[in-house]
Amino acid sequence: MVIDFKEEKSVVKTIHTGAKPSIDVAKKVVYDTRNLNLWYGDHHGLKDVNLSIYENEVTAIIGPSGCGKSTYLKTLNRMVELVPIVRTSGEILYRERNILDKNYTVEELRTHVGMVFQKPNPFPKSIYDNIAYGPRIHGIKNKKILDEIVEKSLRGAAIWDEVKDRLNQNAYGLSGGQQQRICIARCLAIEPDVILMDEPTSALDPISTLKVEELVQELKKDYSIIIVTHNMQQAARISDRTAFFLSGEVIEYDKTDVIFQTPADQRTEDYISGRFG
Amino acid sequence: MRYMDDSVVMKRMTKRITFNKVWKTLFFLATTFALVMLAILLYRIVTQGIDYLNFDFLTNFASRFADKAGIKAALVGSLWLMGVVAPVSIILGVGTAIYLEEYAKKNRLNDFIRMNISNLAGVPSIVFGLLGLTIFVRMMELGKSILAAGFTMSLLILPVIIVAAQEAIRAVPSEQREASYGMGATKWQTILRVVLPAAIPGILTGSILALSRAIGETAPLVVIGIPVILQFLPDNLLSQFTALPMQIYDWAKRPQEAFQYVAAAGILVLMTVLLLMNSIAIFIRNKFQKRY
Amino acid sequence: MVSQKENKTTSVQQLIANSRNQKTKKIVEKAMPALLFSAALISILTTFGIVFTLIFETFEFFKRVSITDFLFGTQWLPFSGKEPLFGILPLIAGTLKVTLIAVVVAVPFGIASAIYLSEYANEKTRRTVKPILEVLAGVPTIVYGFFALTFVTPMLQQIIPGLKLFNALSPGIVVGIMILPMITSLSEDAMSSVPNSMREGALALGATKFEVAIKVVLPAALSGIIASVVLAISRAIGETMIVSLAGGSTPKFDLDVTDSIQTMTAYIVQVSTGDAGYGTTIYYSIYSVGFTLFIFTLVMNLLAHYISKRFREVY
């Protein structure tokens, strides 16, 4: 018992210490946000945001509701433009190209940047057609290749074993947790570079949440993941870096253990210790 | 191993985006088709009819001669018709709606009533004409009177009024009903003093729109056999009469070209009446919208 | 002070208790539901009235004309004095020609406008276009009939030289314009009720709006769209004044759309405006035609109902 406990602790420690030296220097920047401002009509939603997001990491964005964390995430694939009154200024460089430039087509951007939503939103189609939707719109018609993509994506989302015998059934027959993993698989099928996750577990039960969290850990080997969460324990468990947003501003951005153990800003500490939010 | 080939994807991307733009334009053009048709229709009728539309046209009876033909009997007849249709259809329609929304329990009879109403809404108006001819004109011996035509038209628009009234009643928040019950009011008192006053704007709007359908409806009148050339005005509910759409139909089918212009003038009168009724309906809708 | 307050409360309660309307109140409470129920019964009586009228008078008709001649006869010549023929197929052919042309016009335009309004248009455009569609839907059919006869037919005659004054094409197109707003607004309702999260899911995968509309929204709203088309077909079959004015009165059992036709509805109008006496075979024939028409539209309405219930998507 005692030995087990010690072992566990030491494992955790090695992950932290092992990760520390390589960051910043060796890691490539995926997203570089520079002086981003965003307005919803008259409301100043994001204020002078500057953030660099690194490759093959899980970056968590935390903050109280209404702080702009979801807005920021949706700016990264320009889904925020679905609201007609939104205006932006500043730049977001994705792989060194400014995505806020009008010449950057959203379709191209979203082919490289996948997204998983707060509530599972599979299409009212079969599981197979859900996964194959993305590859199909991008021109893959070969049945054999589609089959392989579907299997690979479902395996990647750790749901293959649960659904392999009923690929032709409607995705709505699945449980909420399974639906969310179908949505993750759907996103993996277009082989994105970055995956944005907007509170992906907020509509799920604890067991499904755990599965999705394990999946995120697995996925970061191949993808860069940015996850918005209202759950601080979740951020602490799964992320490498954490950004704390408050009223549209980035208050603090650092490695997750720094944010949670020795935050530099009083407001971060107050939020993390549960004094507001 | 990657399945998505970036260069292929990018090549297709341009095509897909162009495709989207082309289709957006096509969808937009399709939308304007209806608007253009409406514009042409209105333009044609106004240019054809405006010269014939004068004070004499409104005060003359029908005539064999195009330049003496007037719409007086039809206009007055349509008003008499509305005088029957409005009270009959609104009382029956609102009564049915109250029953369905407030009293009806979920059982097979009430399901049947609901199903029946939605099917009745889809019965062609000419079939209502056959019903009116058999039941009201012949069996009840009302003849080709205002009453016979009025009852027929009332039944025709009844489903529309029921549905509109149901929606208006459903929109009254249940908290208001509960507040009334909470003070010991009975069910009928609650309906009469809380639900109906709150639902009246919606009921009125729906009813006026339904009545404007009745005023333009021709087929049942043709089947009942309403006369067209009348030289007198009706003086009671059992009088013979003619109505606007009936008169227009008669003019439109005459071979002489001059009567086309008379028909267009008649349509202008009918459309003006409809426009007036619709404006009232829209006014009521806007004035009383979203009060809770 | 306290006693005064108590007095006041008790007095209101007493007033209520003493009020004499308790008895009338009870009667009203019992009577109103019954009264309202009888109003609801009127709609059922109407249906029974329609069905029994049609069946009864059609029965009279079949005493004079054999049912097989009626159902399978390819000639409808009720006015030929010596040997009138009552084969309904020519009238059905006329009705179907007009309906088919109307569908060809209304379905592509109707669904395309529905897609534009629900997927592309901004709020302002939607708020402008929808009332105009309502106006178009509110135009009396007699006005459309006049439009067909005096505008569409002459215009088509310039394009198609052989086109007769009365034909199936012109009323068909105009009936199409008439049912278009119905298809647009019902289909738009069906598409708008597809949750936005579906659209977001597809957009986030890099889909264009067109792909979202065709591959996600359209399939999800398909039952509602098909139901709207079926309802519109039912309206086209029962349409009377447009075909009476512009279609003609020559029932023919063929596929020609450029020549004069007669629909079921137009025949009923022709007899009604003529001087066929009560009790003649021709008089009863309008009920047999009306009954056939009623069956057609009833089947369509039930089908639309079934489609929208049975295949409704659950999100």
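First chain written, first letter: the chains are A, B and C, and each begins at residue 1.
We adopt the following convention: a contact is a pair of C-beta atoms (placed from the backbone, for glycine too) under 8 Å apart; a residue touches a chain by one contact, two chains touch by 3 or more.
For clarity, every value in this text was computed on a predicted model and none was experimentally measured.
Asks: Taking all protein C-alpha atoms shown, work out their mean, then name the chain whose own C-alpha mean is nearest to it.
Replies: Per-chain C-alpha centroids compared to the overall one single out C.
Asks: A-C or B-C: which has the larger count of contacting C-beta pairs?
Replies: Of the two interfaces, A-C and B-C, more C-beta pairs touch across B-C.
Asks: Distance between subunit A and subunit C based on Cα centroids, please, to the nearest Å.
Replies: It comes to 50 Å between the two C-alpha centres.
Asks: Between subunit B and subunit C, what's the gap in Å when you average each chain's C-alpha atoms?
Replies: Taking the mean C-alpha position of each chain, the two centres sit 13 Å apart.
Asks: Could you list which residues of subunit C touch at least two other chains?
Replies: Those would be 208, 211.
Asks: Specify, in ascending order, the residues of subunit A that touch 2 or more different other chains.
Replies: Within subunit A, residues 107-108, 111, 137-138, 190 contact more than one other chain.
Asks: Two-or-more-chain contact residues of subunit B, please, as numbers and ranges.
Replies: Those would be 16-17.
Asks: Quick check: in the complex, which residue numbers of subunit A touch subunit C?
Replies: It comes out as residues 77, 79, 82, 84, 106-111, 114-115, 117, 119, 121-125, 133-134, 136-138, 172, 183, 186-187, 190.
Asks: Report the residues of subunit C in contact with subunit B in the complex, numbered from low to high.
Replies: 25, 28-29, 32-33, 35-37, 39-40, 42-44, 46-47, 49-50, 53-54, 57, 108-109, 112-113, 115-117, 119-121, 129, 132-133, 135-136, 138-147, 149-151, 177, 180-181, 184, 208-211, 231, 234-235, 237-241, 244-245, 265, 268-269, 272-273, 278, 286-287, 290, 293-294, 297-298, 300-302, 304-305
Asks: Touching residues of subunit C toward subunit A in the complex: what are they?
Replies: Spelled out, the residues of subunit C in touch with subunit A are 122-123, 195, 197-198, 200-208, 211, 215-216, 219-220, 313-315.
Asks: Spell out the part of subunit B that touches subunit C in their complex, as residue ranges.
Replies: Those in contact with subunit C are residues 16-17, 19-20, 23-24, 26-28, 30-31, 33-35, 37-38, 40-41, 44-45, 48, 91-92, 95-96, 98-100, 103-104, 112-113, 115-120, 122-131, 134-135, 138, 155, 158-159, 162, 186-189, 191, 209, 212-213, 216-219, 222-225, 245, 248-249, 252-253, 260, 263-264, 267, 270-271, 274, 278.
Asks: For a test of understanding, state which residues of subunit B touch subunit A in their complex under the given definition.
Replies: 2-4, 8-10, 12-13, 16-17
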